[in-house]
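Here the chain labels run A, B, C, D, E and F in written order, and each chain numbers its own residues starting at 1.
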Amino acid sequence: MEIHVITPIVTEGFRPPDDLAELQRPGVTLSHSSIESGPASIESDYDDVLAGPGTIARGIEAYRNGADAIVIDCFGDIAIPALREAVPIPVLGPGEVSMHLATTLGHSYSVVAVLTRVIRRIENRARLYGVHERLVSVRSAESPVLELERDRTSLGMKLGRVAEQAVREDGASVVILGCTGMLHAARQVSEHLTAQGLDVPVIEPLSSAIAQAEMLVRLGLRHSGRSYQRPPAKEIRGYAAPLLHEVAAR
Amino acid sequence: MEIHVITPIVTEGFRPPDDLAELQRPGVTLSHSSIESGPASIESDYDDVLAGPGTIARGIEAYRNGADAIVIDCFGDIAIPALREAVPIPVLGPGEVSMHLATTLGHSYSVVAVLTRVIRRIENRARLYGVHERLVSVRSAESPVLELERDRTSLGMKLGRVAEQAVREDGASVVILGCTGMLHAARQVSEHLTAQGLDVPVIEPLSSAIAQAEMLVRLGLRHSGRSYQRPPAKEIRGYAAPLLHEVAAR
Amino acid sequence: MEIHVITPIVTEGFRPPDDLAELQRPGVTLSHSSIESGPASIESDYDDVLAGPGTIARGIEAYRNGADAIVIDCFGDIAIPALREAVPIPVLGPGEVSMHLATTLGHSYSVVAVLTRVIRRIENRARLYGVHERLVSVRSAESPVLELERDRTSLGMKLGRVAEQAVREDGASVVILGCTGMLHAARQVSEHLTAQGLDVPVIEPLSSAIAQAEMLVRLGLRHSGRSYQRPPAKEIRGYAAPLLHEVAAR
Amino acid sequence: MEIHVITPIVTEGFRPPDDLAELQRPGVTLSHSSIESGPASIESDYDDVLAGPGTIARGIEAYRNGADAIVIDCFGDIAIPALREAVPIPVLGPGEVSMHLATTLGHSYSVVAVLTRVIRRIENRARLYGVHERLVSVRSAESPVLELERDRTSLGMKLGRVAEQAVREDGASVVILGCTGMLHAARQVSEHLTAQGLDVPVIEPLSSAIAQAEMLVRLGLRHSGRSYQRPPAKEIRGYAAPLLHEVAAR
Amino acid sequence: MEIHVITPIVTEGFRPPDDLAELQRPGVTLSHSSIESGPASIESDYDDVLAGPGTIARGIEAYRNGADAIVIDCFGDIAIPALREAVPIPVLGPGEVSMHLATTLGHSYSVVAVLTRVIRRIENRARLYGVHERLVSVRSAESPVLELERDRTSLGMKLGRVAEQAVREDGASVVILGCTGMLHAARQVSEHLTAQGLDVPVIEPLSSAIAQAEMLVRLGLRHSGRSYQRPPAKEIRGYAAPLLHEVAAR
Amino acid sequence: MEIHVITPIVTEGFRPPDDLAELQRPGVTLSHSSIESGPASIESDYDDVLAGPGTIARGIEAYRNGADAIVIDCFGDIAIPALREAVPIPVLGPGEVSMHLATTLGHSYSVVAVLTRVIRRIENRARLYGVHERLVSVRSAESPVLELERDRTSLGMKLGRVAEQAVREDGASVVILGCTGMLHAARQVSEHLTAQGLDVPVIEPLSSAIAQAEMLVRLGLRHSGRSYQRPPAKEIRGYAAPLLHEVAAR
């Protein structure tokens, strides 16, 4: 089985091969791409929009190359409904997967994000995904995304303290890390909470989305064709060829 | 006051100058643009994504040229949160404006759309806009968007019958036309309902959004900078210059 | 176009002509009346009930005199559903208009009121209007309504500080002033927030309702006759003639 | 214990003494009044408003005369929040009581009303009372309220058939009669459903509200003074004395 | 009328006869039983499950012995849906009754419980009962249930202070005591709030459920047979005879 | 990894070893048990309660024997919160897993059950699981559970037709089979929908829950200890030893 991971930014090296190697399981190949056109990181709706076309292009390409499922490597779940329309394989986002997972693991959850500016975006996604009732807070450690990789240790400690506040002050019983650039911080956050005597699961969104993609492929399930109908053929200008003519048949 | 209307498709002539002339009021200038890169019509999330960057580019351009407010000429409210982040003037979408208007004009509303495929999209937007509780149905006349202009008379009659069903069978007390390509059909739908003895307002979304934009400018209001923060400066590749460096200051 | 403003209290001079003159725009005449029977101010449901019949009477009178729309000059939206049943022109309340406006301008809003006793009333109205999901708090400056006009300067400062708390502590991204007796305080509140570096729109409800009324008249829209059916003719005792026989035809 | 029942209309004889005698239990005195100013029946918000002041006057009078609780004899729960502010004894409405009762007796309920025009009013009240999630439909037998008493037998049969539709087509597991003028129809509706093999409770709202009032008095409970604060003293014009000065102390 | 109270624990003496004698009213006999198999107290879902079969057995027994209604003596409303399926008389739980009562007595309520561990359980029940919108907090005095009876005075004071916090900090306008082992504490809590100038009703759940049971019997109402259908006959192993063959006919 | 499947009924042979063999994947051992005390099938809350203690006993036993996760083999998710309190490994129910899965695969879902009597139970679980907003209907083929295995072919056809109605009439975009006794029917239902041109995923709940359990174990996640605290030690009477003293430590 091949699961293709798309990092929807133009920053090479943001997702080192080691990261994916760690997440790869027997019987699953994790292929990877970044996008060619778009922003250096995703921190706003503005970034979402600019990352969208490149992400769709990479998704269609991956499908044509034989991928069995696609995972978007961004908590913002870039262009997911559009890509579900375009390709007949599961397309998963870390944001949606981890919010559903959190809802099943406890009766309340918080998202610990890196920027306060994402509160509106995360709250709105929780509504769209139908799981906002259990979201008790979005808290932030206020670190720009591109600095995440620079100082992983102190970030983990910072996020741990914010997660502790989410549990003690907001009543969170599950914590989601609100960025896929925190792959290694999850363990630190979890250890910090345990050290504080707080028995609270910490969800790392990218590994969760990859695992969910594998699960869907094994179950033979994909997104509903009634919800995500194939886009009608029509003239499209100003983008490269694959987008124009090659929406994959389902 | 200048209100700039962006038709987020590449189909020239979809929005004839006469249409806007009709909607223009004393003291208001309606300027207009279409986009250069993107789809020929908007009928899917796939189309939304491809129309996004071009729409933002036009919006920033309009702001730099002195527009006081921007209206997106599509019920799908293309790229609205992103554009609100990018420019410090009101940015309005016909979808959001008409759903709020409908909620205030009666205790239940239906959207009469041109394609069943938009049901998920419209329901999700109603949730995002916080007004889904009063949305009782989305019904469709099943006409592709690009055929709307070809046979306006029969479309109006078709939509009138669908609107009547929404009132009689779903309990709608207000009807929204779910496409801005129906400027002239609104009157026909309204006349059909009146002829049937149904006293139900019919909301034409483009004229409503333009009127709301004018109202906001007069009141000196624009969208919250706490909800729509200015996008952080960062490298953006693969798009033309204006998008890269010129996010407008607020 | 004539928009008739009804101040639903018996206190002469509460709404000085200057106030309305400021709000009047070219092409719009703002006429005005107070009620003859009812309370000196509106601070409770008790006051609402006593203000109701007089407000309806003034509304029917205004319609008969040619008004194109009616605006109730009280955040409590006195007798609005009843008056919509009685007259076939738009009837608008500052509470409903500003809550919808706030929902479109940001992802969360607070109402800054003058009395804590109104919390239940405002929360319940948000539910009725279908926009309670985005209401994050109702805060109060605890000033009796009739003292509002006496010391406008200090009231504005007091409200500014309360609005700041709503933003910082409750996460409000939009602020509504919860009383129409604060026409001049809105600017002060806005300036206070700006001085604090908080980019948050402040909605003054009376001017918003008048602007919305003008917009509806221009769009040719009024409230749904399915939601607000004409009251059946019947015997009514103990009130003056206009109420008894003259429910306006629609 | 004295429970005072206020029929908030001016139609003498609408509530015959026999009706209340039937509902009276040992240890409970049911006193009764109609209002002097107001409409002949309650079928609209317009009627609500005109019935309000007279209802409050009767309620204050009843409290001063020693009543232990007040029940409004109308499914529309006329002026209930205002009266709760005015008197420190329980004030109950058949609408609120029966919707809560229905929510506890089954997982879904319908209101079978006499006029379709009340749909908005009943849906809105369900929202205000916090129990709209289980309301699956409002259906109507389309009989004007004042004709209810004229032909009780055929009304009961008509309502029975409408109730049956609510159960079979809307999935109602509990039925509420949406008018207090149907005291005798409840048994017929219940018998009709039983004859159809449908084991569904039928709630008669007036007797339910009286029973709930008795229960509250016995438990020593009344409405929250935090939710229903005493109205501030102020000038009130145009109404008779009791309303002006005599808001009862709590 | 006989109302049978089941204390769903195996701790003899937890409910002294005096307690019920106090709650008994003219014309009503309160009979009582504890269960033979199950836990010593109810503090978890684990305890709920173990208390379930014994509670059903006692309920069926009580029905066969002529009880007119059954009240479960535990805020956790043990096995209530199952028992409603099994016997054709009203089956009431203090949790459900008091949450509905609170919703009618004010616009917001808090549950003051004895253990923080019950937060999930109480929030979930509020959702199931359809009244979670008005639940503003669950607070706890952190006293194990079996210690409640040992020091009633200090418990009452402790709960009073927690209730005061619920009112002042969470905005509760009604307080429910979240355990039926607090029969005598309700008065102390109420007195404490009154002494603090807080006019807030305090609901004692067991007396409320008994009163509601009496009310339902007098009104001739019981739970919907559409919602609570009789369990199909089938083999049941490992439990004593009454459960196996004697599901009471309705 | 060992996943233990508990069929919470006393009917031997209901779950043939072949069924589980089919669902077993490399690296995963599926162990299985039925319960000793309880009902022959689960069709009511009454059955739930009687199946509860035996299910907990089996779960604790499985944990002590080294299981890494537990799956309850019943759409009713018997005793799941209690078992999550009792053992520190993931405990999953097919109902909860499939409702979350459905919510992510499309914008609306229906449950196709075997008995209409389960409607209340399924709707209530959707509320508890926080995913009721997307549940558009519960439909039934009206086959008693114990007959499911007798005629698998005709059941699959019957369910296929019911699923088709859910899609066409209720707007479902995803279908869940509402019973784990339909392992082989899922393919038939899916084929029927495909033959009708309806591109709708069909979720078989048992295989989904097992796959989700495997995923959680691989991710190192289990349920929140804040939501599911360990039950306090206390006297328990009338059940066999394991339940009494051996709540597993976490």
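Note that in this section a residue touches a chain if its C-beta (ideal position, glycine included) is under 8 Å from a C-beta of that chain, and two chains touch if they have at least 3 such contacts.
All values reported here derive from a predicted model rather than from experimental measurement.
Using the contact definition given at the top, which chains are in touch with both subunit B and subunit D?
Chains touching both subunit B and subunit D: C, F.
Averaging only over C-alpha atoms, locate the centres of subunit E and subunit F and give their separation in whole Å.
Averaging C-alpha atoms per chain gives centres 29 Å apart.
Averaging only over C-alpha atoms, locate the centres of subunit C and subunit E and give their separation in whole Å.
Distance between chain centres: 44 Å.
Using CA atom averages as chain centres, what separation in Å is found between subunit B and subunit E?
About 52 Å separates the centre of subunit B from that of subunit E.
Would you pick out the residues of subunit C that each touch at least 2 other chains?
107, 120, 124, 173, 227-228
Tell me, which pairs of chains are in touch?
A-B, A-C, A-E, A-F, B-C, B-D, B-F, C-D, C-E, D-E, D-F, E-F
Applying the document's contact rule, which stretches of subunit B touch subunit A when the two form their complex?
10-11, 36-41, 43-50, 52-54, 56, 79, 81-82, 84-86, 117, 120, 124, 127-128, 144, 146, 227-229, 231-232, 234-239, 243, 247
For the complex, give me every residue of subunit A touching subunit F.
Touch residues, subunit A against subunit F: 25-27, 96-97, 100-101, 103-108, 129-131, 133-134, 167, 172-174, 198-201, 203, 207-208, 211-212, 214-215, 218-219, 221-228, 250.
Which residues of subunit B touch subunit D in their complex?
107, 171, 173
For subunit A, which residues are in contact with subunit C within the complex?
For this pair, the touching residues of subunit A are 119-120, 123-124.
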